[in-house]
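What follows is subunit A paired twice: with subunit B in the first complex and subunit C in the second.
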Partner chain A sequence: MDTDMQTDTREDQSSSRGTARWSRLYSTPALFVWAALLLVTGALLAFLVAPVDASAMGFSQKIFYVHAPVAETALVAFAVSFVAAVLSLRRTAATDRGPWADLETAAIRLGLAFSVLVLITGMIWGRAAWGVWWAWEPRLTTFLLAVLVYASYFVVRAATDDEDRRAVIGSVFAIIAFVSVPLTFFATRYLPEGLHPVVITSSGAQMEGSMAATFVVCTAGMLVLLAALLRSEMTAARIRAELAETRDALEGTRP
Partner chain B sequence: MRLFLTLVRRDVVAETRRLQAVLSMAIFALVVMVVLHYGWGVGPGDASEPARSTETVPAAMLWVVFVFAAILGLGRTFAPEREDDCLDGLLLLPVDRFTLFLAKATTNLLLLIVLQIAVVPVFALFFLETGVTHLPAFIPVALLADVGMAAVGTLLAALVLRARSRDLVLPVVMLPLLVPLVIAATSATGAVVDGGADLAEVAGRLGFLAGYDAVMLLLAWGTFGILVSE
Partner chain C sequence: MNVEEALWYVAASWSIVFAGIVALIASTARRSRRLKRQLREAREAATRQAGVHSRPAGRDDARPPMRPPS
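The block that comes next holds the complex of A and B.
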C-alpha cells in the first residue's frame, strides 16, 4: 500500500514537471478565472460591439447572449450526466462506480440550475417580446419538463437509504430522464408551431458576424464555467466520501 | 448540552424530510398543470390557436383519468414480491431478467386494458353525445399508449422497489416521464373523436407512440436486470 503510493507520487512528479506550466492553466481555480474572463468579454461584446437587433426585437434581443448559451450548457450538463450514468452502471464493483456516480449527480444538479436560469431568462425575454411571461411553446415546455424530471431524480435518490442502491437507482434514472427530454420535445411539436425564434437552423446561423462572435464567446464562457463547477463539485464529493470513511474508521476504533 | 444538540439535529433532519415531501408535491402539481394545458389548450401565447373543440376536451380528460388510475395500479407491481423474499425466488428462475420484466409488464398491460374496457363505455355515456361510434379507430391509440404506460410503470416500480415512501415517490417520477405519451395520446384521441381528422395526422401520433414504446422497452431491456438484482 505504502509503496504503491510512493510510486504514484513519483510518477506524478516526473510527468508533472514537464506539464506543470500547462496544467496550471486548467486547474479548477484557473477554469473559474477563464470563465469569468470569457463571460465578462462576452457581456462587453454584447453591449458595446454587437448591433442592436435590426428585427422587431430591438434591445431586448441582448438577453439572447445569456439565454441561449445557458440553454446549451444545460443540455451539455445533462449529456454529461447521461454518459457518466452509463459508465457508472458498466462498472461492476460499487467502489469503481463512485467517481462516475459523483460526476452524474454533479452534472444533474448543475444542469438543473442552468435549466432554471434558462426558464427565468426566457420568461424575462418573453415578457418583453411577446408580452406574456409564459407561452406554451415546445422549447419552453421541454425545459420545464426537463426541470421536473431531473428534480424527481433527487426525490428518488433521497427515498433510498442504502448507498450502493442509491447510486444504481440514480444512474438508471439519469439514463431514463435523458432519453425523455427529446421525447417531450417531439411530443410538444404536435401543437401548432410556437412563437419561439429559431436562430440556428439547418442552413446555418441566422446571425451577422459580430453577433455570432459574441454568441460564441458567451457560449465558451458558460461551458468553461460548467467545467469549473463540475470540477469543484467532484472535489467536494471526494472530500465528503473521505470524511465519511474517516468517521467510520474512528467510530470503529471507539471502545 | 449534547443531548440538546442531538434533539435539534433530529428535528432539523425531520424538517428536511418534509421538504422532500413538499418538493414531491410541487413537482406533481406542476406536471398536472402541463398535462391539463395540453388537453384544454388554454394559456397565454395561444392567441393564434383556436380553442379546442368540445370533442377534444373529453379526450384529454380521458387520458388524465387513465394515467392517474394507472399510477394507482402499477405501483402495486412488486407488492406481492416483497413478502417472504419472493423476488429472490423469481430471480433464481432460469430465465433472463428481461423475460421477468416482460411478464410483469404484460400483466400490467392486461390490467390497463381491463381498466379501459370498464371505463371507456362509462366515459362515453357521461361525456360524449356521439357515444362509442369512434371505437375502432380509438383501439390502436389506446393499445399503443397502454404498452408505453405498462413499460414505464413496470420499470419505475422496479426502480422504487426498495425506496422509502414508494407510494409518494412513484407518481412523482412517473408522471413527468408519461407527459409525452399523454400529449400524443390526447391529440390522437382528439383527432379520432373529431371525425373529420385526416388520417395522416393520426398515423403520425401512432408512430410517435410506437417509438415511445420502443424506447422505453429498450431502456427496460438495458436496466431492469440491474434494478432487481442489486
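The block that comes next holds the complex of A and C.
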C-alpha cells in the first residue's frame, strides 16, 4: 500500500515536472524566442530560397512575405477581440468580465498596430505594382474602413468613466466592428473590379512550393508574435488591476 | 521597374515591419516594467501604513510590523 502510494507520488512528481518542462516551451519569453526564430527563418527563406517572381513585379514581390502575414495577423487579432467580446458579454458579474474585456482591448490595440504596418507596406506594394501609392479599390478601401472602425473603439470606450459600463459598450462595439473583417477578406474574392491580387483561393495557394513555404513560415512567426504580445498585455492588465486594488486599499486605510 | 528601385521598396517594407515589431515589444516591456515598479511601491506603502495603524497608541518602542518577504 505504502509502496503504491510512493509510486503514485513519484509518478505525480515526474508528470508535473514533465508538464512544467512543456509549459516552459510556451511561456511568454519562449513565445518571443519562437517568433524571432520563425521570422528570421522566414526572412532567410524569402531572400535565399524563394525564387524571384517571374511576373512584372520581379524582386519587389518579396514585399509579399511581410505584407500578407502582417495583414493576416491583424485580422486574426480582430477575430480574437470578437471572441473575447462575446465571452465578456456572456459574463454577468463585472469581475468575471474583466479578463475577457482586457483581452478584447489588447487584441484590438495589437490589431491596429499590425494594421498600420499593413497599410504602410501595402502602399509600398501599390507603388511598386501599380505605380500609385493608393488606389480606391475594394480591398484597400474596406481595410482602411476596418482600421478606422477599430480605431474608434477607443473613442467609444472613453465615452464613460464607469468601468463595467465601459467594458459592455466596448464589447458591443467590438462585435459590431468585426463585420468589417469578413468584408475586407472577401472584398477581393467577390468584387471583380479590384486591383489587389488573390493568392490563397479555394483551389489552394497560387504560388510555387518554396514561395508558399516561405509565406507559411512568415505567417507562423507573426501569429506566434501576436500570441506572445497578447500574453504580455494580459500580464500587464493583471498587474494594473492588482495595482488599482492595492491603491484602493491604501486610500481606504488612510485617516 | 529596375532592380535598384525594387530593392529600395523591399528594404523599406521589411525594415518598417521589423522596426514596428521591435517598437511594439519595447513598449510592452517598458509598460510592464513600469507597472511592476508602481505595484511594488504601492505594496510597500500599504505595508508601511498597516504598520502605523497596528502600532499601539502611546508606545513608541512597540515592535515594528514584519515586512513580507520580497
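In the analysis below, the second predicted complex is superposed on the first by the 226 of 255 C-alpha atoms of A that agree within 3 Å, B and C clash if a C-alpha of one lies under 4 Å from a C-alpha of the other, contacts with A are read in each partner's own complex, and residues count from 1 in each chain.
The working rule: a residue touches a chain if its C-beta (ideal position, glycine included) is under 8 Å from a C-beta of that chain, and two chains touch if they have at least 3 such contacts.
Keep in mind it's a predicted model, so treat the numbers as computed, not measured.
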Report task. Look at where subunit B and subunit C land on subunit A after superposing the complexes, then choose clash or fit. Result -> fit
Query raised in the report: Where does A:Ala236 make contact in the superposed view: on subunit B (first), on subunit C (second), on both, or on neither?
Result: second
Query raised in the report: Can A:Ser180 be said to touch subunit B (first), subunit C (second), both, or neither?
Result: first
Query raised in the report: Which partner does A:Asp164 reach: the first (subunit B), the second (subunit C), both, or neither?
Result: first
Requested in this report: Considering only touches as defined above, state whether A:Leu25 meets subunit B (first), subunit C (second), both or neither.
Outcome: neither
Report task. Using the touch definition from the top, say if A:Val149 reaches subunit B (first), subunit C (second), both or neither. Result -> first
Report task. Determine, under the contact definition given at the top, whether A:Leu37 touches first (subunit B), second (subunit C), both, or neither. Result -> neither
Query raised in the report: Should A:Val49 be classified as contacting the first partner (subunit B), the second (subunit C), both, or neither?
Result: neither
Query raised in the report: Which value in Å is the smallest Cα separation between subunit B and subunit C when the structures are fitted on chain A?
Result: 17
Query raised in the report: Mind pulling up the subunit C residues that touch subunit A in the complex?
Result: 1, 3, 5-7, 9-10, 12-14, 16-18, 20-21, 24-25, 28-29, 31-32, 35-36, 38-39, 42-43, 45-46, 49-50, 53
Report summary line: Interface with subunit A, subunit B side, in the complex: residues 20, 23-24, 27, 30-31, 34, 37-38, 43-46, 48-49, 155, 159-160, 162-166, 168-169, 172-173, 176-177, 179-181, 183-184, 187, 204-205, 208, 212, 215, 219, 222-223, 226-227, 230
Report task. Sort out for me which residues of subunit A touch subunit C in the complex. Result -> 32, 39, 43, 56, 58-60, 62-63, 66-67, 70, 110, 113, 116-117, 120-121, 124-125, 127-128, 225, 229, 232-233, 235-236, 239-240, 242-243, 246-247, 249-250, 253-254
Report summary line: In their shared complex, subunit B is touched by residues of subunit A numbered 89, 126, 130, 132-137, 141, 144-145, 148-149, 151-152, 154-156, 158-162, 164-165, 168-169, 172-173, 175-177, 179-180, 183-184, 186-188, 190-192, 194-195
